[in-house]
Structures are given as structure tokens and as C-alpha cells.
Amino acid sequence: MVLQVKKACKNFGGLSALSDVSFSINQGEIFGLIGPNGAGKTTMFNLITSMFTPTSGEIIFNEDNINGLKPHLITKKGICRTFQNIRLFPQMTAEENVMVGEHCRSKSGVISSVFRTKSQRKEEDRIHSKANELLEFVGLGGYAEVVSDSLAYGQQRRLEIARALASSPQLLLLDEPAAGMNETETSELFHLIKKIQEQGITVLLIEHDMPLVMRLCDRIAVLNFGKKIAEGTPAEIQNNPDVIEAYLGSEEEDLYA
Amino acid sequence: AGDEEGKSSGGAVKADIGVISYISGPGAAYGEAITNGLKLAQEEINGKGEVEINLVIEDSAGKQDQALTAAQKLMNSENVTGIIGPTLSTEMNVVGPEADLNGVPIMGTSTTAEGIPQIGDYVFRNSLPEALAIPAAIDKAIEKYDAKKVAILYGNDDVFTKSGFDTMKKAAEEKGLEILTTETFQKGQSDYNAQLTKIKGLKPDLILASALYNEGAVIMDQARKMGIDVPFVGGNGFNSPEVINIAGDAANGLIVATPWYGEKEDDKVKEFVSKYEKEYGKKPDQFAAQAYDALYIMAEALTNAGEADRDALRDALAEIKGFNGILGEFSFDEEGDVVMDPTVLVIEGGAFKEFN
Amino acid sequence: MLAELINPYYLQVASFILINIILGVSIYITLSTGQLSLANAGFMGIGAYTSALLTLNFDLPIIVGIFAGTLLAGLFGILIGIPTLRLQGVYLAIVTLGFGEVIRVIFVNWESMTKGAVGLSGIPHMGREILNTLRGFGFDPKILGLQNNQFVFLAIFLILLVATISIITFFRRQNRSRVGRAFAAIKLDEKAAESMGINITYYKVLAFAQGALVAGFAGTLFAHVLAYISPADFAYHRAVEILIFAVFGGSEVIWGPVFGALFLTAMPEVLRFISEYRYMIYGLIIIIMMAVRPQGLIDVNILNWVKLKTSRRGQKHGTSSQKSM
Amino acid sequence: MLIEQLINGITLGSIYAIVALGFTLVFGVLGIINMAHGEIFMFGAFIGVVVTSTFKGPLWLAFLAAILVTAAMGYMLERFALRPLRNKQGVSHLAPLISTIGVSILLENLSHHIFGPGNHPFRASFAEISFQIGSITVYLVQIVIFVISVLLMYALSFWLGKTKAGKALRATAENLETASLLGVDVKRTITMTVIIASAMGGIAGILVGMAFNSVTPQMGLSIGLKGLAIIILGGMGNVKGAMAGGLILGLAETFVVVYGDSGYKDAIAFVAIIVILLIRPQGLFGQKISA
Amino acid sequence: MLKVNGINAFYGKIQVLKSISLEVEEGSIVTILGANGAGKTTTMKTISGLLKPQAGSIQFQGQDVTGLRPDQLLRKGVALVPEGRQILSGMTVLENLEMGAYHRKDNEIAQDIKNVMERFPILEERQKQLGGTLSGGQQQMLAIARAILSKPKLLLLDEPSMGLAPLIVADIFKIITEINEAGTTVLLVEQNARQALKISDYGYVLETGKMVAEGSSQKLLNDPRIMEAYLGRKSS
């Protein structure tokens, strides 16, 4: 068990964005989190990464309760995320973006940086080469020097994934990585996430692209109005009448076959 | 001045005199009066032909660092024989030591704080120090109004008004006055009602105000409006015909000690006043007058020195005794400070009168 | 020959330029994490007063005063940096400006210590002290063919030059490292930076304290170069002036504040001949500059261009290091 | 005495509030701190002096002239110091701040040359009208200042909150592109706002001149700094907050003098904002907008 | 109704659109397709006036509108739902909707607001919430609703289905057809190519700033070459 969410609740004023949501993710699986708009999926990410503090409930990562830990410590423990509305460092190059991702896996401070100690230079070299490997890995090999702002949308999404991978996470959270991608690009994304899984990284995925979700995920949880309404394998979810009613719809079923 | 122009054969002594003045910024009015006074004197002096003075005027904007660079420029790039200015005592505190180190005589015409000439042998002033002026004014006021209780009001974020306050407080304590309250105000403030209301409630016999005339005049105006009618005693910065311009009738009752009295029955004074008014369209104040006299003092020292040499000029300045200018009789003491008797004035019916 | 070249006037101006460059760098450091701090005039004042009081009242050597003043300013940087962490943008700017004002008001009112607005005079002068010390060893500037005052200003200038170059080198190196990347990331997107594992509290306070430290250092130098300080030296105008150095020169790269300070300190001197109008012109130049080059005099593109002109390729990680300069 | 001090505090506070309203308006729309606002305020006061003292004109003319001149200055400010920076690539968010600082330096020094340095008396017979209530003297000007500030506050908050133009203005403040996509003529909206804010500065200037009989080229700076503190205190872009902040500050400053040490009067504003922001980072009345 | 003639557009010095031409008939739905970065958004921005073309012309209802500002175009009847929503995040949902009708002077605004709220019930429920705190998909709905309220003659939609749940996506396409049937012409950019073409009459395909194919939707849908090259294979 990599991650356990126990009875998580989050209220915004009177609005209950999440109530009593529990689920757990096994080592190495790809776990899908789906549900209608405003169901609380992104909020769940924000709770796991401590961007918000839960109103109540517990989040357990590798046996440790990580509630209330500072976000950067959570990354250090091995959870990293991408954002629904891309948040790259716009004026940095692709390479620099990824290098920032390696921050918590490196340690040189002010003094060693200014005096360029041997260990600092070695570390910099290591960060460089790892960043380039990762860019290669997500298919941005030629774009190291390009300012991330001027990358196309799909490339930015992949760069975000590379940046998150740079922190050597055990658990990777992806928030709608396929949004705004066409089918060719989506299928490239599919392979990328598979490759990530092959490296032993557990993935928690939010996505509205059902064909992708169904092909990719080992298990899926469905949220609706902040409550979990179903959990199971893709096949179970696709046939769950509650899910169909709340989220998938039946009219257009043929599209997502 | 270079060697060539130092002593032109048998004729006039030619000298470059540097001026550091407060020309831009909030206190530019002082700098303006000073440079006006200097220019007027220069014209007259050069007209007489004994010495030929060339003024090299630099702005300090009232800031020490700029005063210092201006001084460096004058001393090192322009090679002036002597310097007049800077305007503020703060600036002199920075410039004085440097001039002294370089052996350039420097004379303040408006620096009234304590310890200025004591900076070094090359530092002089012809401005009446507050330490002389304020006690004189307070003495007369006590005598006349039988004052026992006073309130003090001063600007605490300005060097000059703060050091004026220090002098005032000392004087008041020495005279055994009861200080009811000490209130402060800050630069750029336009509302003094809170402080004045508080003072009004304490019913003092006299208000001692260490303020520059700009603020001082407004303070009097607001005080009179709320019904405070006791006299004010002010320091050097308060002493200006502008007070009457700004505050109008509210200025009545201001008592100041001054080296300069423009209504004096004296030919020199009258001539200066009328020339100044013609040239610049307003009455000269003490700053213009002191600057005017200062250049004459420089000229006399240069004549006595006989050459445009810094050390000779310093020695000649130190020798000045019984100089007769528009401020009255004037001498330097051993330290280069002023020896003279201040006149105490009061504003009555919208004009400065001698206070007896 | 040397003697003719050394004009204390130019050295004096150069010294002020160098002090201003250090001040410009101080605000740049904090800005490089996206925090606009206007407290640097206050930190400068803390440094200046500390060093001045220590050297005046306890006869400590100047170097000790400088050290203590700088550290105390840095300490205040930490103290102010922590509670203001939650503030952003203009809020932070105004609160820090307010902090500077409060410091000034304390200098004004704490008369027993600071002599209030009258200020501290007779502060040991760096150049003159050096001269006196060397004289103790039988040195005379005449040996170098220099006048006393020429020597004094040359000494100050050289010391400041070394200090300035060291500071610039320090921060250029820091910028190109892990720390510099963390700063830049926080500046560009704080939340994202935090999510990428950067301890934003630490780095923001670090930057704030470094800025305070450097400003305090500049303050100590100011005190011992001018030999006189008063609260007015560390007021609003100074705070704004420091900010203008950075933005006018370009706040994205360290060379920006350096050139900004250079240009803007030299300009009023150059404009001396039109003394009455020079501040109007100063204002106008700022407006025009912002309209024409809102990113400031120096930006990444210019630096790259300069690099291109001066170096002939063969650089390994070119863009990344240039960018973070 | 206490009541007199209360009146002093309210008068001062109302003036602060009017100045702060101008700041808030521009900040609300452009997200820019207009550092030149204080100097525009100062020009308003000078125009008042010129009309009443130099040309012996009537008071209403002084108001009219001050409003016109400061409005024109607002236009110029927008046209030459702000607009060129808009929609430009790579603009540092500090650029407009610096640009307005440039304007403030220019204006301050310009007024030295035009009007001369030092204090200029503002003599209007209107300023002399007073009532005696018991032992307390109340000047009509004081009442007028208070009334004008309250009126302006209500007018502004009605305008911003309830009218279409006000909403357009807020939309512009949020996002220029979106506002223009929704049909808002953003250029005009911005220009109008800066003009209105500046004219309000002009009104405040004349009122100060009348109330305190004191007009100097430096008056903009100190009041400008207070204005800044107030909009922070009251919450950026919040009209009622600006009013409340102004009054609080005016009273606080007065009562520091009454019960404390007037030496700390200037620090009150900033001590207050530091304390308040540490407790409520969005200001007293500000709303928190999370990203 | 809309005629775009050989426009070029730049971001700084980079040319993004290279002589793009397209035409939209009154009453039709036209789709622009293309991979990421092809220039679709840029095309929309240029038509709506956010970006000034460096060359070429744009005609709307026979009038030359090249270089007009977005607010001027809106008054003529062209509205854009921008990519990335661009909600006014500090204003409430209701205020966002009211801003949608900003330029209108008729007195049916209140009624229309009620109508769109019926269409998107979540907006009615959250009318007092600040726009910025809506979830991604909720913001998308708000953006569309806001544009509908401006009652445009020509509605430009840039990826309206992005980030929406499947059920809502289907809804959105239904709504687009309804709006169209009610008389609004629609120019659509979509990644969801198949569905977009299904509801539209005509399509264009953009590739790195150039128009590389066009045709009736039916034709494009049935052209395997195009479907494969630009839209990817239908996933299993």
C-alpha cells in the first residue's frame, strides 16, 4: 500500500468539496480518479500534496501520516504532481524546469555553490545529465534550450511530467494530462504513462478522456459531489449504473467503447 | 585659481570662490536667497576693482553626499581658493572636515548649529549661532511678558529644528521656566491642530517654536485660528519676512533674535535692501544679508592676503576684526565663530519691529 | 604622474557609485525570489548606525563595526523576513516601506543613543583611519607621489571596488547554482516551486536576509565614507532610489542594478551644469526609460548579445547560466 | 478638549480617506500603485492658491480649475507614463510603479519652478467661517471636508458595485483581455479611471489647502505615504475600507499626540499596517481571493 | 458572413500564421482542426481582435473589420470563448454572467441569465461564488454561458470541451447545435475532432500556421488520410 486516504473531508465555507472519501493505492498500479466537473478530484490532489489542509481525515503515505506536512516535505517523501492548468516556470528553459524538479534530491547550499566545491560541481553535472535524460524520456530531447513558454500545449504537459519525475517520486499525481490533446498525442501520452509505470512508479491519474482512463488504469475510483460513489476495475466502473448516470452517460456510449 | 591669475601685476587679486548652495529641493528658497545675496555682492565688489571674484556655484540639493561631491569638485577640479556654504549645518558637518583636510578655507553663511567653526582651522562662519540668538530672544520675552510657563513645539526629524530645540530647552531650563509640554511635528506635515489643541489646553505664557519659517508660519496661523494668542519665540529658521507673507496677521507676536534687521536706519542697509528688491523683486531676508556680507568678508580677506592662495586666505580671514557690513560690526573669534550682538525683533502690525 | 590622474572628486563620485551598486544588488537579491522589499534603506540604516555607534562609543576598529553592523542588519532581515512571508506583491512592498519608516522614526526619537535628527558626526573615516594607521608605520603618501587626500580617496575607492566585485561574484555564482534555481522558481510560481520540493520559507527568508545583509554592509560603508549619518539618510527617498537603481537598470539580471546605480548616480553629477533642472530631468529620464525599455537597461537579450560579441563559442551550458545571471 | 481633538482627528482622517480613495481606484483598475497621486494632489492645492490668492478668483472657480487641471494631469499620466507600458512584452511588473515615481519626481520639481518653493498661503474667506459651540470652535471647512469624503465614498462604492460602468471597471482590473472580449473599451475605462482618481486628488488638495492654510511642493509625499498605508489597512481596492482606514489613521494620529508622544505620530500608520497585515494579510476589509 | 483573407500573425518576431484564409457562411458551424501548436488559438485571437494581423484582411458581414479592437468587434456581433477560460476570478459567477451582457442594451438580460442558468444549473447554484474558486470544468461552463449571453452573431469557441466530463461534453455539443439552430453562426476549434465534425458543416485543417486541407465535414470525416494524419486513429 503506497497511499491510503482515510475519510478525507474538505469544506470551503459552507461547501463540502470532499466528504468521507477513502481509497488506497497499491505499489506499482495506475489508479484513476474520475468524476464530473467539480466532484472534488483536484481538491483531492491538493489535500494529498498539502496545498490544502483537510478539514478532517487522514492521508497515509508508506505507513506515515503526512497530514499537515509542508508541501515541499511531501515531495521529498516521494509524491509529486502536475497541474490541471499547467504551471511550468514560464521564462525558464525546458532543461531548467526539470533541473528545478531535482531540487529535493540534491543538497548543495549557498556556501558550496559560491565556492564551487568539488562535490557541488559533481552534483551539478549529475543534475544536468539527469535532466537531459528525462527530457529524452518524455520525448522532448531536442527542446532542452527552449523557453518553456513557447512550447506548444502538448509539449508543456509532457514537460510538466518530466519535471515531476525529476523529483524521483514514488507516487506521481497527474491532473488531466490529456486535456487539449488530440488522439495521436493522447496515444503518445498513453505510452509515456505506461513507461513510467514500468519504472516502478505508482500513478494516480485524473482524466476526463475515458478511452485513455479505461485502457490505462488498473483500478478506478469515482467521485461525485465530493463523495466516492464507486471503486473497481475499469470494467466494473464502466458498467456501474451510478457511474453511468452521474458521469459517463449512456447516449454516446458508442464513442467510448 | 591658477598661478597666472593669482596676482595680476599690481592690479586686482583674482580669485575663484566656490559656492555650495541648496538650489534644488525643498529648501531651495534658502539657497536662492543666499545665491542672490552673493551675486549682488559680487557685482559690487568686482565693480570696485580691488579684487575680482569669480563665483563657481554648485547645488547640493540639501543632501550631505551631494554637498560633499560638490565640495570635492570645487576643491579638486575647479581649484577654488575658498568656499562659501554649504547651506545646512548637516552638510557642513560632512564638508567641513574634508575642506579642513585639504586646506581650503570654507565659510558658512547660514549654518547656525553648534560646533561648526570648531571642526577645524579652515572652517568659519558669519551666521549668528542659535546658541547666541535663542537665549537672547527668550530673555527679552520673559522680561516683557513675565513668562513662567512655556510649551515647546519643534520639528524632530530635521537637523536644524532639532538642534534649535536643544538650545531652546537648555535656555528655558537655565532661565527656570516651567516646560508644560514638548510637542513635535514632522516634515511635510500640514496639520498641527492636534499638537496645538493640546498646548492650548495647558495655557502656556509663551510658546517656544523651533521651526523653519514654512512650517512655523502655518503653525502660527493655525494657533491663532483656534484662539491661542500668546507670543511665539522662534529661532533662526523662523526669522524671515516670508512669515508675514504666509501667516498674515497671525504672524503678530513672533519674537526672534537676528543678526539682520532690514528696517535699520543705516545707509548701507537701505542701499542693500533697495538694490535687492529691485533686482529680485522681494525683500532680502537674513540669509541673503549674511551671504552678502560673507562675500565682502572674503573680499576683504583676499585684499589683505594680497594673493589668491588658500593658506593666505585662511590666515587673512582669521584676522578679520571689526568688519563693518550690513549686519553691523563683525569679528571672528579665535575659533572662527561669530562675535556680534543680536538684535531682537518682534512682528507687530504685520512688520518686524525692534523689541524692547 | 599618478598624482595628476587621481582627482578626489572623481574618486568620491566613484565611491558613491560603488556603494549604490551594492545597494542595487541588495534589492536585486530579494527581488530574485519575487519579493519586492523596500526595507533596504532601513537595513542600510541599521548597519550604518550600528557601526557608527560602535566605533564612536567604544573605539572599536572600523572593521569590527562593519562586521557587526552587517550582521545585525542581516539578523533584522531574518526577523522581518519571517512574519512578512505571507505577504505578496504590493502588500509586501508597502509593509517593508513602512518598516523602513518605523526604523527611521526610531532613529529620530531614540535621542539618547542616536542624537535624533541631528545625527552622528565625527564617525571614523575609513580613508583617514587607514592613512593614520599607515603613518604609524612610517608611511607617507608622498612616497607614492600622492597628496594626503588623494591617498585617502584612492584607498577608499579600492576597498569599495574590491567589496563590490566580491559581492557581485558571490551572487553570480549563487545564481547559477541550485540555490539560484530555487530563487528563480519561487519568483516564477511559488506554489509550483513548493510542489517541486522547494522549501519556500527557507529560500524566501534566505533571500530577504541576504538582501538585508548586503544593504547593511552598504550602510556601514556609507557611514565610514561620509563620516556623518542622520536618520534622513535612510528615509523614503533612499528606499525608492534603491528600487529605481534595480528597475531602471533591469531587475532580471544582476548587471541591471549595477548599471542602473552607475548611470543614475553619475547622471546628476554630469547634469550639474543645469543644477536647477536636473531633478526634473532625472524624473523625465525615468519616465521615458520605462516607456521605451520597461524591462530596464540590461536584460537577458542584451547580455546574450554581449556574450556573443565577446566570446567565441565553446561554452558548455550557455543559455542556462546566462539566463540566471 | 477631547471633542476638539476628535474633530481634529476626523478632519485629518477624512482628508486621508479622500486621498486613499484615489489610490484605491487606480490600484483597483490597473493594479498599479500610483506614486504620483500625492503630487497631483499637491498640484490641486496649488491651483487653488493661484486662483484664490494670485488672481483673487472665487472659491468655486478654484475648485473647478483644480478639478480640470488635475484631471488633465491624470490624462497625461495615463497617456505618457502608463499606456506605453501596457501590452508590451517583457514588462516587469515594477515598471509602472517606477514610471509613476518618475512622474512624482518630475511634478514635485516642476512645482518648485512654477510656484516657487516654500509655503503658499491659501487665503479664502470661506476658510474663516466658524461656529462657536460652547468652548469649541468648529470651522465650516472641517464639516465640508467630512461631508465630501463621505459623499465621495458612497458615490464610488455605488459606482463600482452597482453600475455597469463600475463592473466594467472591475473586469478591466481583473483581466484586460477578457474585459475587452466582453465588450469593454478598456482604454477608455482606464483613462477615465485615472482621470477621476486624479480629479479626486485635486479636490483633496484644495480642501487641505483651505483647512490648514498650507501648500508646499513637498506636501504630496507625506500624504501620499499615508494614503498608501491606508489602502493597505483598509484592503486594496476597497472603497469603504479606504474610508474607514483613513478615519482610523486620522484619529490614531491625533490621539497619539493627545496621550502619547507626538514624535511617533508618523510611525503610527506603518506600525498599524504591519500589525494588521500580520493578523489579516488581506487588510481590514479586504477579501481573500485564492488563486 | 466571415471572410478571412491571407492573414499573417506574429508573436514578437516569430511568425505563427502564414497567409491563412477561411470563410464562414451565415448560419453554419465551421470547425478548425490541427495538432497542438498549429496556430488554431492564434487564428481565433486574430479574428476576435486580440491580435493584429500583419497582413491580410478580415471581413465580417461584408464590412472590413481588420484591426478593430475586441470590444468593437463584439459590438458588431463577434464573441470569443477563449482558450483557458479566462474567468474573471475576483468577480462572482453572477457578475461574470452580467459582464457577458455588458454591451447589450435590451431589457431581456435578466431573462437570458435565467435561461443560461437553467442550462448550466451549477452556475445558478454557485452564483455568489467567486469565479476563481470554481473547478476547472465549472469555469469552462461559465465561460461558454458568458459568451452566449452576449448574443453574438458569430460565436468563436476555442476548445470548449477541454476539461469537461464526458456527459457534459456531450451536452456542450448539443448546446452548440442549439445555439446554432437559434441563429448563431459558430466557428469552432476542437481537439475532439470527430464530435466536432459531426455537428459542423465545414472544416479546415491547420498545420504549423498553414491551411493544408478543407472540405465539408462529411468529406473530412471520410477521408482516411486526413483522419490519420491530423486526428489520429480512433482508439480502440
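Labels for the chains are A, B, C, D and E, by order of writing; each one numbers its residues from 1.
Criterion: a residue touches a chain if its C-beta (ideal position, glycine included) is under 8 Å from a C-beta of that chain, and two chains touch if they have at least 3 such contacts.
Composition by chain, UniProt nomenclature: A = ABC transporter; C = Amino acid ABC transporter; D = ABC transporter permease; E = Amino acid ABC transporter ATPase.
Note that the structure is a prediction, hence the values are computed from the model and not measured.
Novice: Once the contact rule is applied, which chains count as partners of both chain B and chain E?
Specialist: D
Novice: What is the shortest path, in steps, from chain A (ABC transporter) to chain C (Amino acid ABC transporter) when you may only step between chains that touch?
Specialist: Graph distance in the chain contact network comes out at 1.
Novice: Smallest number of touch links from chain A (ABC transporter) to reach chain B?
Specialist: The fewest steps needed to get from chain A (ABC transporter) to chain B is 2.
Novice: Most remote chain relative to chain E, going by C-alpha centroids?
Specialist: B
Novice: Quick check: how many Å separate the C-alpha centres of chain D (ABC transporter permease) and chain E?
Specialist: The mean C-alpha positions of chain D (ABC transporter permease) and chain E differ by 43 Å.
Novice: With centres defined as the mean C-alpha position, give me the chain B-chain C (Amino acid ABC transporter) separation in Å.
Specialist: A distance of 35 Å separates the two centres.
Novice: Taking each chain's centre as its mean C-alpha position, how far apart are chain C (Amino acid ABC transporter) and chain D (ABC transporter permease) in Å?
Specialist: Distance between chain centres, rounded to whole Å: 32 Å.
Novice: On a C-alpha centroid basis, what's the spacing between chain C (Amino acid ABC transporter) and chain E, in Å?
Specialist: 51
Novice: Quick check: what residues of chain B touch more than one other chain, meaning two or more?
Specialist: 24-25, 156-157
Novice: Can you list every residue of chain A (ABC transporter) that touches 2 or more other chains, as numbers and ranges?
Specialist: none
Novice: By residue number and range, which residues of chain C (Amino acid ABC transporter) touch two or more other chains?
Specialist: 105, 108-109, 191, 276, 279
Novice: Which chains touch, pair by pair?
Specialist: A-C, A-E, B-C, B-D, C-D, D-E
Novice: Within their complex, state which residues of chain C (Amino acid ABC transporter) touch chain B.
Specialist: Those in contact with chain B are residues 7-9, 12-13, 16, 104-105, 108-109, 116-119, 121, 125, 128, 148-149, 152, 226-228, 230-233, 268-269, 272, 275-276, 278-279.
Novice: Can you tell me which positions in chain E touch chain D (ABC transporter permease) when the two form their complex?
Specialist: Listed in rising order, the residues are 12, 48-50, 69-71, 74-75, 79-80, 82, 86-91, 95, 98-100, 102-103, 130, 132-133, 146, 150.
Novice: Can you list the residues on chain E that touch chain A (ABC transporter) in the complex?
Specialist: 11, 14, 35-37, 84, 122, 129, 133-138, 140-141, 159, 162-170, 191, 193-195, 230-236
Novice: Considering the complex alone, what residue numbers of chain C (Amino acid ABC transporter) touch chain A (ABC transporter)?
Specialist: 170, 173-174, 176-182, 184-185, 188-189, 191-201, 206, 317, 319-320, 323-324
Novice: Help me check something: in the complex, which residues belonging to chain D (ABC transporter permease) touch chain C (Amino acid ABC transporter)?
Specialist: 27, 33, 80-81, 84-85, 88, 90-99, 101-110, 113, 221, 225, 228-229, 232, 236, 261, 263-264, 266-267, 269-271, 273-274, 277-278, 281, 283, 291
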